[in-house]
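In what follows, chain A forms one complex with chain B and a second complex with chain C.
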Partner chain A sequence: MGPLISYDIISQNSNFLFAFLIGIGFGFVLEASGFSSSRKLAGVFYGYDTVVLKVFFTAAITGMIGLLFLSLFNWINLDLVYIKPTFLYSTIAGGIIMGAGFIIGGFCPGTSFCAASIGKIDAMFFIGGMLVGVLIFAEAFPLLEDFYYAKNLGIPTLSEKLGLKDGVVVLGIIIVAMGMFWAGEWAEKKFPREEY
Partner chain B sequence: MNTTTQTTPKTKYLNPYVGGVLLGLVLIAANFVAGRGLGASGAAKSAVVAAVETVAPDHAQNATFYSEYLESHDGKPLNAWLVYQMLGVIVGAFLSGVLFKRLKFKVEHSPKITSKKRIILAIAGGVLFGFGSQLGRGCTSGSALSGMAVLSFGGFISMAAIFGTGFALAYFFRKNWI
Partner chain C sequence: MKPRTILAIVFITLGLVMAAIPQNTTHPYKLTPEQLLEQVNSGIQYFSPDQIADMIIKEDPSFLLIDVRSLDEYEEFHLPGAVNIPLPDLLSDEWKPYLNQDVRHNIFYSNSTVKANEAWMITLQLGYKNNYVLQGGLNYWVETIMNPEAPEATNPNEEIAKYNFRKGAGMKLGGAATVTEESNAQPLPSLPKIAPQTNKKRVQGGC
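Up next is the complex of A and B:
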């Protein structure tokens, strides 16, 4: 049955309409959770506000469990869901640069759009910087191309890498996430804060 | 409203675990409908490709980064799933801002730094994030969160690299936040 677009249950235009509606949900939840505040977002790195950790990992495990169950009931064919190929070196290097951008700029791309839509001027400058960053990458692409395509691992899942069943891996991640939530709650008590 | 208060009420946020479950449901919906996850930096890429194509069409045809993207989008870089999704994000965040009364033009920063410094840091962080998201084939939403939900190995690597670096560098930038 799903993905609806893969089984031609909806047209490409309807898919774009759904994209817009899904985006509304995405933006609403991010803003309502406080992701429009750079000081709340950066809080995770100092322990005074771990909303990022809680929302991010709750969403990840909800997504994993949901997709796993939908596939068990044959409501979604996960073979047709797009999984990005993993190019090891560029994934790690890109992640490191993004991490630096996060602690310096206080946003990631999605959260910067949310913050800008409620009037955060710093977020608007972040978006401007982001567009410049994409442009720099685009112009430097010929120099980076070899590195960009190096160490192609294909589309491995974590379960394949660990040699475990998907369900076992998801259970393990849930347990790890619970530990992190506990650590997050502890950190917030230890490092008091005010709401921004 | 007839009642007025002198003190500004503290802003209200959703319980983070409730927010997380809702975000997870949105992510499931994206996969169920479109067979793909959520994203944000992809829309920035579309915008840059569209801008370069308009300003310097010859360059866009000749440089691989743009030409490959244009080819995969039938020459219409803005007619992309993530562009429509990002338009939705802007609307959704605005609606939440209206509902929770958070609409306000301001530069948010720690009292220890000036607005000007905050803006310079925001631009610098944006440049890094823009560059890194292209190198890493997606940002926190597209690569890390959406990747993890489908148990993609790359999604976990991405998440670990982003947050690991954030924690590793946190000490050096602490004055900007605490």
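Up next is the complex of A and C:
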């Protein structure tokens, strides 16, 4: 609901309401597509189930095409879309921690809540661990602060870095995504698992 | 054909279309005529001469006076601390960091309010924040601050207090402002510390 708040069309509080409703929809679809199964989620690392890769990349290219077309018709102002600034070192460290947690725990943060809501006990432990991690990070923040803010790259985009038009980068990413889907399907055939 | 094949074809087709059409570099207008009219009607862009005089005397760092008249007129007379951005130069890159920022109040002034309001409207339409206009312009400034008219003794106390303030302000500012004997090359004030990034607040989000 980003642009609507920027233009003060809806208030911050109504935004929370919309976020709540969208969140319920998101959780429902996650659960319905089997994302509350940690075996399914971990499958992407072992190659026997790449549905995670396929779903998230499909979401990314759908969102990308949608935003670009809407901006082309002047329906959305891309300047108002929030892009998280990139702090290179903490992004790399965070990615490693997140990936390791994903393999070990079998959930990513969102899906762990999804699985806990249908009563999965491992997901509840996962959430507990996440909260402990948050607490440790918050308490240790003064020590980590320099590292956390190191190497601020601002908000680099692929099209700026490559010096290409947004549209060309979009086409490139779509082709890369299709290649990954194909590789994922290939891996599923190569490393099949009967029961998981 | 499998649904996934169809989907793949759709995606690639859309990508090809996207790659083929030129990048949209136009920016939609920030305000509709109705919104602009509302702003103009409400008159919120105005700072009164009394407010400005008070801020100059207190050396309030949170505002910057911008003289939008020509350089000659600026050199002849300008308000203390004002910088000169002649209206034709308003859009030059040199001045953008001064105009498009989120830290200081910029107050445009000209002899009347016409040029200042023009500058204000342009910056407003560009989506810049914190730009204002000196009410009545320099003419009204001279009338109220430099040569305030003494109210009659029967006036309410507020009027008399206002007059006393104006007289005091005029004496303080008059000496320095009417005769600008110090060098005309006014040093530029420092830029606001926080660099301007966007026209509107971006809303944070995450997964």
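Here is the rule we go by: the second predicted complex is superposed on the first by the 191 of 196 C-alpha atoms of A that agree within 3 Å, B and C clash if a C-alpha of one lies under 4 Å from a C-alpha of the other, contacts with A are read in each partner's own complex, and residues count from 1 in each chain.
One rule holds in what follows: a residue touches a chain if its C-beta (ideal position, glycine included) is under 8 Å from a C-beta of that chain, and two chains touch if they have at least 3 such contacts.
Because the structure is predicted, anything quoted here is derived from the model rather than measured.
Student: Quick one: classify A:Gly179 as touching chain B (first), chain C (second), both or neither.
Tutor: neither
Student: Going by the contact rule set out at the top, does A:Val168 touch chain B (first), chain C (second), both, or neither?
Tutor: Touch partner of A:Val168: chain C, not chain B.
Student: Just chain B (first), just chain C (second), both, or neither: which does A:Gly110 touch?
Tutor: both
Student: Contact-wise, after the overlay, does A:Ile61 reach chain B, chain C, both or neither (first, second, both, neither)?
Tutor: Both partners, chain B and chain C.
Student: Quick one: chain B or chain C, who's touching more of chain A?
Tutor: B
Student: For A:Ser38, is the partner it touches chain B (first), chain C (second), both, or none of the two (neither)?
Tutor: Touch partner of A:Ser38: chain B, not chain C.
Student: Mind working out whether A:Val29 is in touch with chain B, chain C, both or neither, as first, second, both or neither?
Tutor: A:Val29: touches chain B, not chain C.
Student: Given the touch rule stated above, what does A:Leu80 touch, chain B (first), chain C (second), both, or neither?
Tutor: Both: A:Leu80 reaches chain B and chain C.
Student: Give me the intersection of chain A's contacts with chain B and its contacts with chain C, in residue numbers.
Tutor: The answer is residues 2-3, 5-6, 15, 61, 80-84, 109-110, 166, 170, 181 of chain A.
Student: Spell out the residues on chain B that touch chain A in their complex, using ranges where they run on.
Tutor: Those residues of chain B that touch chain A are 10-11, 13-14, 16-17, 19-41, 43-45, 47-49, 51-52, 63-66, 79, 81-82, 84-97, 99-100, 102-110, 118-119, 121-170, 173-174, 176-178.
Student: Where on chain C is chain A touching in the complex?
Tutor: It is residues 4, 8, 11-12, 14-16, 18-24, 26-28, 198-207 of chain C that touch chain A.
Student: Where on chain A does chain C make contact in their complex?
Tutor: 1-3, 5-7, 15, 61, 65, 68-69, 71-72, 74, 77, 79-84, 109-110, 165-168, 170-171, 174-175, 177-178, 181
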